[in-house]
Amino acid sequence: MSQSIRVAVLGAQGRMGSAACTAIEQAEDLELVARIGSSDHLEGAAEAGAQVVVDLTVPSVTKRNVLWAIENGIHAVVGATGWDEDSLAEVREALGGSPATGVLIAPNFAIGAVLTMRFAEAAARYYESAEIIEMHHPDKLDAPSGTARHTAAAIARGREAGGLGSVPDATEKDELGARGAVVDGVHVHAVRQRGLVAHEVVQFGGVGEQFQLRHDSFDRVSFMPGVLLGVREIASRPGLTVGLDGYMDLG
Amino acid sequence: MSQSIRVAVLGAQGRMGSAACTAIEQAEDLELVARIGSSDHLEGAAEAGAQVVVDLTVPSVTKRNVLWAIENGIHAVVGATGWDEDSLAEVREALGGSPATGVLIAPNFAIGAVLTMRFAEAAARYYESAEIIEMHHPDKLDAPSGTARHTAAAIARGREAGGLGSVPDATEKDELGARGAVVDGVHVHAVRQRGLVAHEVVQFGGVGEQFQLRHDSFDRVSFMPGVLLGVREIASRPGLTVGLDGYMDLG
Amino acid sequence: MSQSIRVAVLGAQGRMGSAACTAIEQAEDLELVARIGSSDHLEGAAEAGAQVVVDLTVPSVTKRNVLWAIENGIHAVVGATGWDEDSLAEVREALGGSPATGVLIAPNFAIGAVLTMRFAEAAARYYESAEIIEMHHPDKLDAPSGTARHTAAAIARGREAGGLGSVPDATEKDELGARGAVVDGVHVHAVRQRGLVAHEVVQFGGVGEQFQLRHDSFDRVSFMPGVLLGVREIASRPGLTVGLDGYMDLG
Amino acid sequence: MSQSIRVAVLGAQGRMGSAACTAIEQAEDLELVARIGSSDHLEGAAEAGAQVVVDLTVPSVTKRNVLWAIENGIHAVVGATGWDEDSLAEVREALGGSPATGVLIAPNFAIGAVLTMRFAEAAARYYESAEIIEMHHPDKLDAPSGTARHTAAAIARGREAGGLGSVPDATEKDELGARGAVVDGVHVHAVRQRGLVAHEVVQFGGVGEQFQLRHDSFDRVSFMPGVLLGVREIASRPGLTVGLDGYMDLG
């Protein structure tokens, strides 16, 4: 029988961290060996024998955590945002001295959001038109969402690879701005509606047809399958990987 | 056996007029007795014994056509746009001298668009959030669509009747305009996509739920059931009616 | 300043009852004066001065609760199911002796579900085709849902009022049963999917067009606005009302 | 300047063949050199100098056409269905003697349908639940559609690759068959609605989330981009290819 993977969660008291602890405890092949909060020492994870740390902390401490994990030969699955090129370079350099260790930095652990972006890029070259509608709860402060911006960039790459020019749009009169934002040449619309959580629709159009991708996130637990996928795969993926799609088999 | 209703089409050579001729010919209870084009005399309709004229001409001649029909005691089902209050007053005055005659002026003959507007007004008072997404082919010149503007106005009336204030929206940062147009306090988004014709989605949101109305018009023949409804009902509806919903049983 | 309405919840320890207590406490115009569980005396509600009881108990005790409320001149908003004609007749007779008291028995407090049923009935007469797709979590034991059955019945009434015959369907070969259930002449499809809660889509089709109604219930809190609507309106609606739509302005 | 590709259409008088002729004529980089109907000799295509034939005939003659094309060193893009393994083996053998010639046999030229199948297979391994809803006009004779059956098979392959077992479904009571057809372990629902043409929705569900793929075919012209893709690519793809996805870059 295979042994379970020993996991410590950093940022265990936050909303994501707490959900991750629950998900790891419920997984039969994983064992939660430490919950490290902001007032705990990282050493607690090493002392508990963690093979993988899941870092769900904040931008100000995540780099320090990752460098510590590499130094201790512990794999790191990282959800915190705010990583810039310089920080990634530091991680790569540290990994040079620990070639068997893996680090996965994933700005989005929702598998459906990752699928939407990948499939949007692949489909984009085949359709004359492409637009994005993202929908969130009305307490969100910014528009459009980061996921929608990344999806627009993916569509733009797909259109360029397919040799497509601008999307067709004969609009001459739109003084109220109904056509929405334009991100990398793609129109993006942001809906804010009570009762919704996080949703994204990508619509492609050609003569006589439409193709759509849609992802609905109803609850933060929807991020957990992506976290667990990272934890299970990381031992076989040494080095730095950015983006969960690097771990997925998307044929 | 009941006799069929005798109908003449004015503007019979236009796209809508031509579709109306076909629809009337295919209806068992209706008889197409005259196709009047821009170079024909209106008298052709009277001489052919028309009981109802369907006016699908242009703003510059529609009023003259309607007044002529009233004078001849012929009911008029009118799809042309561009009617102002003064013109409607003229029609009412003319009808005073012909009290059995009916005139229906309908800016939109798509039954689904009429249902969407009516139901949107009725539902609006029950939901904290309401937004509209209209989608059309990319050759459309203006945004948002007239139907979306009318629907926004209907939602605003419903919200006011229900004592609701502004829709919730915490957006602080939207430099690209992703939140779209605001019409009567309702956010309206316009999508332009090859392969689409005319589509409208109305989304309502409350805590833990969503309610949606959607109308898809794939072809101009979708206007014909509304035209035929008008032709069949007009004899029992003397006087001026504005809007197809006046003829519908929406209890 | 108007005084708040004094409310007691019967069945306060159940999932719905507990959600109702929270919703009443959060409403500024309502006061929660008693939480009556299965081991408490109903008199506790009267002693606490309740003007309205919200009954979210089980079929075996709900009738007794309602008759007790009427006897005490307390209005009753009732969510329990399992009422038959005989029980309703008993309630009507009891109300004869207490003409100022109101009783609302609502099998479904989700406003969106009520709107869907009402609008479906009104729209049905205008469309040749009508189908229902209901979608729920995969732990649901029965298919199709009760709400879908009621909606099919509403569509059937609308079609009959509009003089429509059977829906068109040329299917000759369907050995696997892909066309789904037929309820009152309407095809009903049941989807069971992890992550969903309770969703209903009603699709109408005519030549060249489609009209849709959709209700998504993401959480049981979505029933609370309907409960509160009942509590607020009941004092002005003496007698027995069955169905939340009797309290709604669906003009 | 590159020369245009010389194309002949076999089955030019059918609905698909006639649409293909129009599409080829409108493409700047293609030249329609022959329209071969059922009473014409195939030699007409060779005499006109066709480099590619598009075969949109019927199962009884398509194999003969393809073998003739190979013998003449003309590439063949084939939409006719009804090919079995024996016939494909004959084509492969014939191609052995003409190694530079390409044959593409595509049961479905709608790019969106091909994308839906491919993405469905890739996504299936990541979701506990998967169901298919296909929607067509009510004159369709069989249910479910062939495309839906193929998509179910693709999902089943994806689930197997991901080590998933059966979809969760606690349904105990469904005497009317609302849960639909089961194809390769996947529930498939068939909607028949006036106004629709050919539509497919694939829904995946996991805890707290949903992922959807949707393809809408509003008109048979939606098959033409797939036909043109085949015509343009075939010279660089010698040998037999089955399925349009073999020509697509789905990364």
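Residue numbering begins at 1 within each chain, and the chains themselves are lettered A, B, C and D in the order written.
The working rule: contacts are C-beta pairs under 8 Å (C-beta built on N, C-alpha and C of every residue); 3 or more make two chains touch, one makes a residue touch a chain.
Just so we're on the same page, UniProt names per chain: A, B, C, D = 4-hydroxy-tetrahydrodipicolinate reductase.
These numbers come from a predicted model, not from an experiment.
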{"item": "A-C compared against B-C, more contacting pairs", "value": "B-C"}
{"item": "Inter-chain centre distance, subunit A versus subunit C - centres from mean C-alpha coordinates, in Å", "value": "40"}
{"item": "Computed distance of Cα centres, subunit C from subunit B, in Å", "value": "34"}
{"item": "Contacts with two or more other chains, residues of subunit D listed in rising order", "value": "195, 204, 206-210, 216, 218, 222"}
{"item": "Overall pattern in which the protein chains touch one another (line/ring/star/complete/other)", "value": "complete"}
{"item": "Of subunit C, residues touching subunit A in the complex", "value": "195, 197, 216, 218, 222"}
{"item": "In the complex, subunit C residues that touch subunit B", "value": "110-112, 115-116, 119, 122-123, 125-126, 161, 204, 206-222, 224-225, 248-251"}
{"item": "Subunit D partner contacts - residues on subunit C that touch it in the complex", "value": "127-129, 131, 133-135, 138-144, 148, 167-174, 176-183, 187-196, 203-210"}
